[in-house]
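Note that subunit A is present in both complexes that follow, paired respectively with subunit B and with subunit C.
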Partner chain A sequence: MGESRSALENYRTHPGMDGADGRRLLKIGELAGTSLLQVGVYTGGAVRVAAAVLPLLGELPDSSVRAAVASGRLIMRIAADQYWVVGGAADLAARLREAIPAEAGCITSLEGARTRLFIEGQAARAVLNRLIAVDLDPAIFPVHGFAQTGIHHVGGLLLKVAEDRYEFFALRTFALSTWEVLLDAARPFGYQIALPENKT
Partner chain B sequence: MTLGTTRLSIGGRINRERALAFRFEGRSLSAYQGDTLASALLANDVHLIGRSFKYHRPRGFMSSGVEEPNALLTLGSGARRTPNVPATTAELYEGLICERQNAWPSVEFDLMSITGRLASVFEAGFYYKTFMGPRRGSWMFYERFIRRAAGLGSATHLADPDRYDTRHAFTDVLIIGSGPAGLAAARAAGRSGCRVTLLEQDFLLGGSLLTASTESPDEDLRRSLEADVASLPNVEILRRTTAIGVYDGLTVVWVERRESARPDPAKGEAREILVTCRARAIVHAEGALERPLIFGNNDLPGILLASAVRTYLNRYALRLGKHILIATNNDSAWATGIDLAATGARVTLADERPTANASLLESARRAGIEVRMATQLGQARGTRAVRGAWLRTEGAAAQWLACDLIAMSGGWSPTVHLTSHTGVRPVYDNIIGAMVPGPWPAGVSGAGAVAGAREDLLAHGHKVGSGAARSVGASGDAGDPIPGSPWTMGWAQPVQNRAKARSKAFVDFQNDVTTNDVVLAYEEGYESLEHLKRYTTLGMGTDQGKTSNLAAAQLMAELRGSDLGASGATTYRPPYTPVSVGALAGRSIGAHFRPTRRTPLHDWHVANGATMIEAGPWLRPWFYAWAGGEAATAYLAEMKLVRGGVGISDTSSLGKIDVQGPDAAEFLDRIYVNHFASLPVGKARYGVMLNDDGIVLDDGTTSRFSEFCYFLTTTTAQAGEVMSRLEFLLQTAWTDLRVQVLSVTDRWAGMSVAGPLSRRALTLALPGIDLSNEALPHMGVSEHVSDGMPVRVLRLSFSGELAYEIYVPADRGTAMWEMILKRASPLGIKPYGLEALASLRIEKGHVAGLELDHRNTLADLGLAKMASQKKAFVGRELKERAELTAPERWSLVGLECLDTTARLRGGAILFAKEDPIRGHGRGYITSVMYSTVLKKSIALALYRGGLTHRGEEIVCASPLRGEQVRARIVSPMFIDASGERLHG
Partner chain C sequence: MLRIPCPHCGLRDYTEFLYAGDATKQRPAHGSSEWRAWYEHVFLFDNPKGAHLEYWQHVQGCRQWLVLERDTSTNAVGRAWLARQGARS
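Take a look at the complex of A and B:
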């Protein structure tokens, strides 16, 4: 099988950088091997799609700002008729494709289409607010909150996975550019580069 | 009499334990931590601080804050040189370097001061009149000299070595200004429990409270307020931070200055940070600015605003002068006189009003101040410093008063700049004699002096702050207002000298605009304040008329015989104070100037000798080292490879869109001019889509992989626009269609394997896939899993050769690319770059981005026959407009160069053989190349009348090169018109 390669391949051995005070307040890296599916719902197909995916994904979330978390999967409603399913078994796409009536909705794999970056540490919020116009106050952007936003003119999706830990789904073709901008913004705080982690 | 400064041994808010050394024009000077550059220079008896803008008159400090019009210095040196910084706002730090500006050869002896004697030449609007002749265009000659003579400091041309940052902020209540009202508002809002952000441009909190003595109860009040606010964890206090603009949606932009902390760019520390804040409520608490009085020679060094004199005394422990004249029209300046008298200075107080309240008179008497009521300052005298003034007391002869300092106060103007940025024009309040903010928009309020409050500013701030907190849903107890003595403004009706003055009486100090200039503007018909501003430059410059606007408005109102309220105010625009370009650019410089897009194969290209080229946001391989060291020759070798063998190129940048759904076929039929519903599964079709107005938007191929699933490709350049267009149509026009569209550009790596050996190459590379003509004919498509990878194979040709497009998931792109190169290496396969890719299509006559420029119709591009006559599609009706079907439109042709030693050039203007070579010609060359097949320079072009001129000889002119080349109009399809190669 052809080897999967990250858009950030050449940064794997980056030594990181000390911040202005000599410390490294952040860990920044990539989660490799993320399964990402988009569920699309056709006009008039919402009820049938919801029923079809219920056994596989559980209830589709109504919220467009909070991810539903179940069985190691994250489901985010990214538009009125579109959902992202992050993580899950290797055969999930095939099973969903089989379950969803062709007249009601569709499944598209976006595996490899996004580079899943993460930033972790007490300065993560400060760094992100150098890049993203989203209020990350915990009272407003809680854990599992997400927002479709952008970094440096390029769209992407920000997800908060824990206090002081965020993930950003960057377009793969802009991933290196986004990564470099992220590291530059993190420069005053200091960071270490995390080796790729496998995420299911 | 010479102005001198005494640094008092006690008092002030300076740290005498921490001396700071700085350099002023090469001289080593010393002052204290807590000084501004202005107070530091004054402490070193530097009073002559610059020369004025136009007349090069000697100028000293006028204020102690952001309103300073005169004391602009150049700070730093080398690459860190920053001109036009008000010394009054620059916090002193160890090692600061500064110099004066706008004088030659020196500020002390400035030859350019001759302009002051030529004032009649340089009157308002002089550049519209005096320097317009003798010939048309003379101004262009004079301008460079005038600009050199006038003006401010000069910036460096060196790259800025410092780092600048930007960030976003969010808060519930944003309070701009930390004077008494701002602090009270922050205390109340903070206690209410919401998120509060308090901005202060100074490095100390307190605003006008800082003018009071450190021994006074006001200092206790300031310290208590600051401690209260600082103790609230939900209140963020930002010092050295200036709000520079207020925008719609309760958005405020501010700049945080870190220079005094000597940030180290090597550590990522920013010199300045530009912050965009979205607030839920804004409380303006910018306070008020003191107005100067207008009298003859009111710009002499040693004439300062009364509040500034008091600030220098009580904040910086600097007593300016010994024999001091206080000239005022309101109560506030009396405190300056009383404080100065307490230091032993001899103080005379001239108040224009007939009387003052008894307590003030008694305080002045006790302080030993000579008070002259109903007395106006007529004219000051002096050369490089004030030495006295003529006073006019009602009913008495003018009297000369010798003095070395004049502290003037013409009343107060609320700082309405920021409050006006969103279009809320200030209105005149005739009770306080000043412009106040217009009606507050929703979510915005004003606390204290900025709102023209007559009441105690602390109580007003408390009320407004708690109200703002409630408006955002905070329900905590704001507590009681601060007890203590009321802190009120010394509002006054402005009373100004309105006569034409014999000596210069300045209204706008920074732009050298005098009362006479305003009168002249009026006499020449420039009565509107906006016209006055543009005619005289009043209110322009770095201070944006902070001390001049109201006086000018009042003077003009009097000249027009109207009241000040009717004359209105000029338009205030951001920024409130000057902003460095570095702060605006932030981190978006160098490699981060704009985002860069890389294909999944980028690293391979770089590692294998590709020279990369920018194509929009993309970096694409231009040509490869194996083919040569120069693009001009390498692309020819790469083309030969494709025409004679097999090459592989990276086509990942093509836009790719999944179109799925029961109505996908109907959807495609509507967006493309040709049919797609009839496209069989397993086939692809070339399609063209139009804009609403009938102009070609884009082209590409669409493949049908199942009944409901299509894979659409766009040009690289139009990918985003097409995707937006499709979403727009589905979400607005055709909401009933059961269709989903999704950009999968980033999902798939694409590569084209082209050339007569391409089938053999892929058979070696993908042995499990049947690529025969029967299994995969031209325009056939198929899906497979090969070597564990999902693979899409599309038999399409952009080059005109037998060719295949291979798509695999982006993360497997390099693996597939390397596998094809390795397995097909016996056939000599090599990569080819963008230059060859784009040239191959020219030979074949395929249009691309250079021809699809949003100006051409189907017919212009030779594609008219594609349009269906049986179905509706976007742009169908409007493409039939007369202008778009005129026979003489520029349309696509091929060109062959007739001069064997010459070459055609992109952009060349086309003329018929008999035409004179001038003007826009009959068309232009869009794409050009050297054909390795035809052994000549060929081109695609747009030419009036198009192929109706086939066979004609024309001239291709490149005026910038002075070059004319002969060419013949031919079919744009230069090779293989029958399509034998691609069907091979």
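Take a look at the complex of A and C:
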């Protein structure tokens, strides 16, 4: 397997930027090295896939707006018949492939297809409100809430991991563009860069 | 602002969606060689005023194809459901 390289590798030495008042209210960066799997369910295969993954993942969530969190993993129902599994043991993909009947569903590794960005700080919500058309009021978008949406006309998945911290799973091929748009929106608040941050 | 009630993701801004055409048009039978039927299906469009059914795809969300009730004269949006359930549900 080829070496995994960040789409933002050339930005590691970015100095960050002070905000309008001279402070840096945000930390923006990338999380690398995290497992990201997509579980796809074929028509008529829902019961068999749910039974197959039960010992490995627990019950698949019904919610399409709130991630299920268990054993250090997040599971998100991203479409009617698709789930994302974030985190977990290194051999999880192989075990899921072995467990799921080929005619009922499939597993796709997306680590190389997405760049996992994060933005953290008291101004994080204000920055994201400038970029996406999703209501981030904590009463509506709580911790572990998620939404597939777009930044600058490019799709991605927004996940709230703490009160002042959000992650955005950007398409790798558009990661640099998304990154630049994010930094541009954060300029008034000031930011420091954290690239890359390893998380397993 | 036009907001569309995606059956999977909930109420979302229309900028996340792609308009995909008239959901009331009847597609010619698969394998049909009636060139006039295909010509009318592909190239000729009505321009209805009032309540209408349309296909939309939630391209920046769940990628699902939807049928949406929309009034073309007021932009009032009604129900939406998955296109796989049929153009009339």
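Going forward, the second predicted complex is superposed on the first by the 196 of 200 C-alpha atoms of A that agree within 3 Å, B and C clash if a C-alpha of one lies under 4 Å from a C-alpha of the other, contacts with A are read in each partner's own complex, and residues count from 1 in each chain.
As a convention for this text, a residue touches a chain if its C-beta (ideal position, glycine included) is under 8 Å from a C-beta of that chain, and two chains touch if they have at least 3 such contacts.
Computed from a predicted structure; not experimentally measured.
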**Q.** Which superposed partner A:A133 touches (first subunit B, second subunit C, both, neither)
**A.** both
Q: Look at A:G155 in the shared chain and tell me whether it touches subunit B only, subunit C only, both, or neither; answer first, second, both or neither.
A: second
Q) After superposition on the shared chain, which partner residues are touched by A:A147: those of subunit B (first), subunit C (second), both, or neither? A) second
Q | Contacts of A:Q38 with subunit B and subunit C, given as first, second, both or neither | A | first
Q.
I'd like to know which partner A:D164 touches here: subunit B for first, subunit C for second, both or neither.
A. neither
Q. If you count the residues of subunit A that each partner touches, which comes out higher, subunit B or subunit C?
A. B
Q) Which partner does A:V181 contact after superposing on A: first (subunit B), second (subunit C), both, neither? A) first
Q. Does subunit B (first) or subunit C (second) touch A:S64, or do both, or does neither?
A. second
Q. Do subunit B and subunit C touch any of the same residues on subunit A, and if so, which?
A. 82, 133-134
**Q.** List of subunit A residues in touch with subunit C within their complex
**A.** 64-65, 78-80, 82, 133-134, 147-150, 155
Q) Along subunit B, where are the residues that touch subunit A in the complex? A) 165-170, 195, 264, 267-270, 276, 278, 587-588, 591-592, 594-600, 602-603, 617-618, 652-653, 658, 660-663, 707-709, 735-740, 742, 744-747, 787-789, 808-816, 819
Q.
Taking the touch rule as given, give the residues of subunit A at its contact with subunit B in the complex, in rising order.
A. 1-7, 9-10, 17-20, 38, 40-45, 81-82, 102-103, 105-106, 108-114, 126, 129-130, 132-135, 137, 140, 152-154, 171-174, 176-178, 180-181, 184-185, 187-189
Q. Residues of subunit C touching subunit A in their complex?
A. 8-10, 12-13, 15-16, 59-64, 82
